[in-house]
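Have a look at the structure below before the remarks.
Chains here go by letter, A, B and C, matching the order in which they are written, and residues are numbered from 1 within each.
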């Protein structure tokens, strides 16, 4: 019984983490049809910035409660600045190119940003334990757990719900739906597609950075931080269906729980499970479990 | 158009012969080592180039690269087989066989889905290798010193030279065969498929079969390249042989080289290896940055790769 | 005379929409059949079913007496039924000459023959002969992606003819071509096809073209054949006039602003 609860909790925490890092990726793909490899860099930048700011904040002697503010600031600043710069400086020139070439361009961006991180933050790892220490730990199902990692579940839920409502219930969401459905028609209708693209890319970037910023206190932030995340979030997005937010949630849950089971029951297959699921889903449903219906143009 | 003579086969023949002879005479060990690594990777890139001409980019050919490398390494494990005449064909065959099976699946996909599915398959192997204690997990294990037709070199220098010579011969063979292939109907069914699959089907050829064949060929070449790299490095491990970054590297060299000629991957791979080595030496924390900037510049300014640059220079000379 | 191509009780529905209903048609060797009908009448669906792109919901398609339902487009091509397309399907990045060379290469490519060199004198001669026959030799070395519309159409048809088919289906050969070029294009095409003795089925909107080139007209309306007769009879048929030509004429009047002039009459 205890293991079942542990597996479930671990799975949920890991799923929440996966959802946070992949939802931005799926939004960008859904709207702009761009598979952004540099998403991993945004995640790493978010983590580094958040760890750095938390360090500065604590050293200045402000209360640990404020470190959460630093996480939010890191995500917003990194996401907005890098998102804007990337979209205007690179992505906007790629809309006419092959999807695969765009993937390569973002891969190049990823390589560049990886090293810029090293140049800015150095090679030594960063530790930002303060938020975790502040929340302490609690007993759940007879096991002591740190509260911080559990808040990840709440954060993922909030992000998911806000995005879902924002995209389905608001005027902005409908505008976005129009652009996704038919770009040319949207232009003809007077929608400023450029603005929609920039904002979407920035939103996706903020979400990626938020994933890193929030995870930073739980781990040591070190070089190569973004590498694994890229393929993991690809797997989640592909499983759920590229461009679908509920899909990203389902994909994250599938991967998260499967991995938690593997870690506890059969650690040898931990990684294998994730990509195995991805391969199986791709083979049987290449468009993913929850692919949004696309307008077919022949 | 028809009158321009095709210099590819004489070109690669003279080219590889020159590299082999001059290499043996003048190349210092470190540069020869670099050439071996570059050419081994180039073999995989030749296959990726054929796929790229067909409009397909695989982000998972590290799967076959790794299969080739681990096949060679495993055969030699525990005083096993070290004869390259056995290990290299085995590496090629294992990769080709896996490619044949997976080909039935991947041939149904295009564009981003093809890329992602390839990635997924390669990461499955990565996931297995990382967790397999018997194969050294993330550390990998050592590869036996090779023998060549029974000849066992006594020191590292001789081994390197022997590998170098064998590799030059292999690269020449592959370049000639693939060039000949590209001039056949099947070879033209690369760009033709990229241009218009419907027309190919309505001319009476199965696009799926054509793609499958090219996929197996690229898998075999990647296996061969990986096998040679394993011998050259004397070591295999998941991160430098199977991880997605290795696939990314292979695709990078493909783009850098350009699809213009079978000679391009060898030149492109050499350039990449030099960039990487020098960047790493001078700016150890910025070599990825340099590689990334190079890739972006090629995507934007040289979509035909370095080969198109060479072709442009040659055309200017003629005029 | 026995039929070369025959459809019996052919039905096709997409969900609730019926695109073909009980199609019966029989085409004899060397016939030239015009298929007419308004947009959405089921003409292209019919061609797509015959060439294996779509599988009929029910019914049979017999070619030389054998049922070909369920075969793939390439198998049907190999049997000797080829087609052209409303939107020309060509290899945009290759030259016109190379387009034909590739087509010729594929036509002979079975098994290891696919590994034969493509640049051979015998294939080149055949390609040049096709270029001359379809009147596009002037564009020989031009990239196919940059061709004018009429030449694209001709190249598309020439590529369909590479495999020397017994039946050729032309899907709107003159669509997108200006009216003064139409007859020129059709003269070239039909001249070449008649010389080869091919059985031709072609979809056409332009009744003048239909009247001039075909020996028989099949009219579609809402997925059904409403008329199957020689051109003079068919074009005078009241149902054809109402559902096929009438709609087209009506559309033309609308386009020419005829609505305004007709309006008072309609009121009175």
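Methods note: a contact is a pair of C-beta atoms (placed from the backbone, for glycine too) under 8 Å apart; a residue touches a chain by one contact, two chains touch by 3 or more.
Here the structure is a predicted model, which means the values were calculated and not measured.
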Legend entry - Maximum centroid distance from chain C, chain identifier (CA atoms): A
Inset, instruction - Kindly indicate the chain pair that has more C-beta pairs in contact than all others. - result: A-B
Legend entry - Chain centre separation in whole Å, for chain C relative to chain B (CA means): 45
Inset, instruction - Indicate the whole-number Å distance between the mean C-alpha point of chain A and the mean C-alpha point of chain C. - result: 51
Legend entry - Mean-CA-position distance for chain B and chain A (Å): 33
Legend entry - Partner chain B, residues of chain A touching it in the complex: 35, 90, 93, 97-101, 103-105, 107-112, 114-116, 118-119, 123, 227, 230-231, 234-235, 238, 242, 267-276, 278-279, 282-283, 286
Legend entry - Residues of chain B defined as touching chain A within the complex: 57, 59, 105, 108-109, 111-113, 115-117, 119-121, 123-124, 126-128, 130-132, 244-245, 248, 251-252, 255, 285-289, 291-293, 295-296, 299-300
Legend entry - chain B-touching residues of chain C, taken from the complex the two chains share: 51, 72-74, 77-78, 82-83, 85, 89-95, 98, 101-103, 105-109, 113-119, 124, 141, 159-160, 162-163
Inset, instruction - Flag every residue of chain B that touches chain C in the complex, lowest number first. - result: 1-2, 181, 183-189, 191-192, 194-196, 198-206
